[in-house]
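Two complexes come next, and they have one chain in common, subunit A, joined by subunit B in the first and subunit C in the second.
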Partner chain A sequence: MSKLPDVLKRREAGILTEWLRELKQSAGLRGLPPNLEETCRAFLVQLAQASRNGNLTDIGKPEWNEMRHLLEELSVSRARQGDTPSETAGFVFSLKQPLFAAIRDEAKNIEEMAGETWMASRLLDSLGLYTTEVHQKGREDIIQRQQAEMMELSTPVVRLWEGILALPLIGTLDSERTQTVMESLLEKIVETGAAIAIIDITGVPTVDTLVAQHLLKTVAAARLMGADCIISGIRPQIAQTIVHLGVGLGDVITKASMADAFSLALKRSGYSLIRHQPENA
Partner chain B sequence: MDIERSEVIRVTSSEDVVRIRQLVREWAIRSGFNLVEQTKIVTGASEIARNTVNHGGGGTLLVEAVNNGSRRGIRLTFEDKGPGIADLELAMKDGYSTGGGLGLGLGGAKRLSNEFEISSRPGEGTRVRMTRWK
Partner chain C sequence: MERIPILKMGEFLLVTIQVDMHDRLALALQDDLTQRIVDTSARGVLIDISALDVVDSFIGRTLGNIAAMSRILDAETVVVGMRPAVAITLVELGLPLHGVRTALDVEKGMGLLRKAVAGRRPGDGYRAQ
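What follows is the complex of A and B.
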């Protein structure tokens, strides 16, 4: 059974003072975070409480729930203040020196001291690393949310005119996004009863065989639903590359610019554009 | 032939394919290729990178900026330790695909580069090396 809870109970005040001194010494230019003393005290209280159970190795167990919760809050608030993960973990690690000193003073013999120090060190290591894990997870959450948002943002189907839709594609067309793009286009065709859809690839930097295949599939699916597609925004470099790749676009209508495609779509739908003389000319 | 600089990157996921396209484009720009040339190099890299991920089970890409005395170029070497290709001639043929694609990737990449070498042994892996000169 570890003596750690007893050591913490008897020497709490001394450990706290030493720890705070340690933190103040290593504080950078930004100075000390607010409520430092409270945080340290809460940490020591939790440490004493959780270690009373005798489990000093697995901080995933329920007796460490409150401690983990404390570290999660700490990690989040520190990250918001601009601290790096190692700075936050350093907060936990800086307890080592004062705690080990207290263990040394309380130990009866050298074996006990070595054993207790080793246990305490491993425990503080895992608690420190836990703050890093929380930090990392917070970042992953943000990345995932941004990915989801980008997926939504980048696939708008726009109604240009009665019966004419436009789908401006931007960025990388990986398989997951193409699926979303295709679905939203087909849905919009049903919804609006459009006869012509313009797929604009001005914003797609690379058209390789996979992208070409996705485009051809989308065109074929739209055709099955009764809508013709025009692919626009084919820049010179893309045109040359497609030719070298040997991709045949078959009978798909293509145009260099969205304006050309729109004008063709209007014509096909029976509209004609007339330019009137300006009145003051 | 001189190698001005080189870099090795891993090719294991479709995110890596996106990253490789961006990286290869940067290298092509630094070597002074124009927009059409850049697009050809990047598109060829995209084809082979995707093959490395989908058929080769992942591998590596060696990007090199090379110089043969009179011209500068970009050389890309993709290597994987996958199942390999049993019949290279058939694999290079346009329209032949085992993965449900258009079957134009290998032939297309060859047409997009000035020099193209492919070697493969069943069970040991595949190596594709393509070079584009300015």
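What follows is the complex of A and C.
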């Protein structure tokens, strides 16, 4: 049975003072975070409460729930203030010195001291690492959300004219995005009854064999639905890469600019453009 | 055994697939349709697959074959009403059905067929595409 809860209970005030001094010493340029003392006190209270249940090795157990909750809040608020994960973990680790000192004072013999210190050290390590884990998880959530948002943002299908759709592609085409792009284009073709779709790749940074293959797939799928595709927005460098790589775009109609593609699409749909007044009239 | 009905509309044949295609049905359609084209000397075939929501590689290939056979028998073929999911599946299966005319719906398909047939000189016969 560990004596840690007893030590914490008896020496709480001393540990807290020592710990705060430790934290103040190691505080960086930003200075100490607000309500540091309350946080430290809450942490010690939770530590004493949770360790009273006897389990000092696995912080995943339900008796550590409140402690984990406290650390999650701490990690989130610290991250918001711009602290690095190691600074947050350092907050927990800095408790080691005062806690070990208290254990040393309370221990009856050297074996007991070594055992208790080892236990406390392991416990604080896992608690400190937990804050890092939470920090990381928060980051991952943000990345995932941004990815999903980008996916939504980057696949608009625009109706340019009766029976003419435009699909401005932005960003690199991977298999997953091609799937989304293809689906939204085909859905829109059904919805609007369009006969011509212009795929504009001005915003696609590079076209390699894979991207070309994805483009051709989209074109083939649209053709199966009865719509013709025009690929537009091919920049000079892209044209060069396509030829150098030996990527065949097949018999797909390609145009340098969206304007050219649109005028071709209008012509094919039987429209003609007439300017009624001279430009400088 | 169930069969897919083939309707005659003037010089065109209209095939509407309303049931789930299975392999034998597809082969039966291939037999029936080629027979009907010869019997009626149809100039065009319109296959409506708007009710078809599942295709496999066999059905895809059979559709392509039917179109190629009709062309040899001097009838233009238009496949209409393909669903987005079906189109994606066919492309992923590597069956983009080159050489098959497609249209969004029956009306547009009919227009395409009329134009294609009108553009041909009578007795022109089969041309390699």
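Throughout what follows, the second predicted complex is superposed on the first by the 278 of 281 C-alpha atoms of A that agree within 3 Å, B and C clash if a C-alpha of one lies under 4 Å from a C-alpha of the other, contacts with A are read in each partner's own complex, and residues count from 1 in each chain.
Going forward, a residue touches a chain if its C-beta (ideal position, glycine included) is under 8 Å from a C-beta of that chain, and two chains touch if they have at least 3 such contacts.
Note that the structure is predicted; figures quoted are calculated from it, not measured.
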item: Partner chain in contact with A:Leu224 - subunit B first, subunit C second, else both or neither; value: second
item: Touched partner set for A:Glu187, first subunit B, second subunit C, both or neither; value: second
item: Which superposed partner A:Leu23 touches (first subunit B, second subunit C, both, neither); value: neither
item: Subunit B versus subunit C as contact partner of A:Ile196, first or second or both or neither; value: neither
item: First (subunit B), second (subunit C), both or neither touched by A:Pro236; value: first
item: First (subunit B), second (subunit C), both or neither touched by A:Val157; value: neither
item: Partner chain in contact with A:Leu124 - subunit B first, subunit C second, else both or neither; value: neither
item: First, second, both or neither for A:Leu215, with subunit B first and subunit C second; value: neither
item: Intersection of subunit A interface sets (partners subunit B, subunit C); value: none
item: Complex interface listing, subunit A residues touching subunit C; value: 179, 182-183, 186-187, 189-190, 193-195, 217, 220-227
item: Residues of subunit B defined as touching subunit A within the complex; value: 14, 18, 21, 25, 35-36, 38-40, 42-43, 46-47, 50, 94, 101-102, 104-105, 107-108, 111-112
item: Subunit A residues within the subunit B interface of the complex; value: 172, 174-175, 205-210, 212-213, 236-238, 240-241, 244-247
item: Residue ranges of subunit C touching subunit A (in the complex, touch as defined); value: 79-80, 82-84, 86-88, 90-92, 96-97, 102-105, 108-109
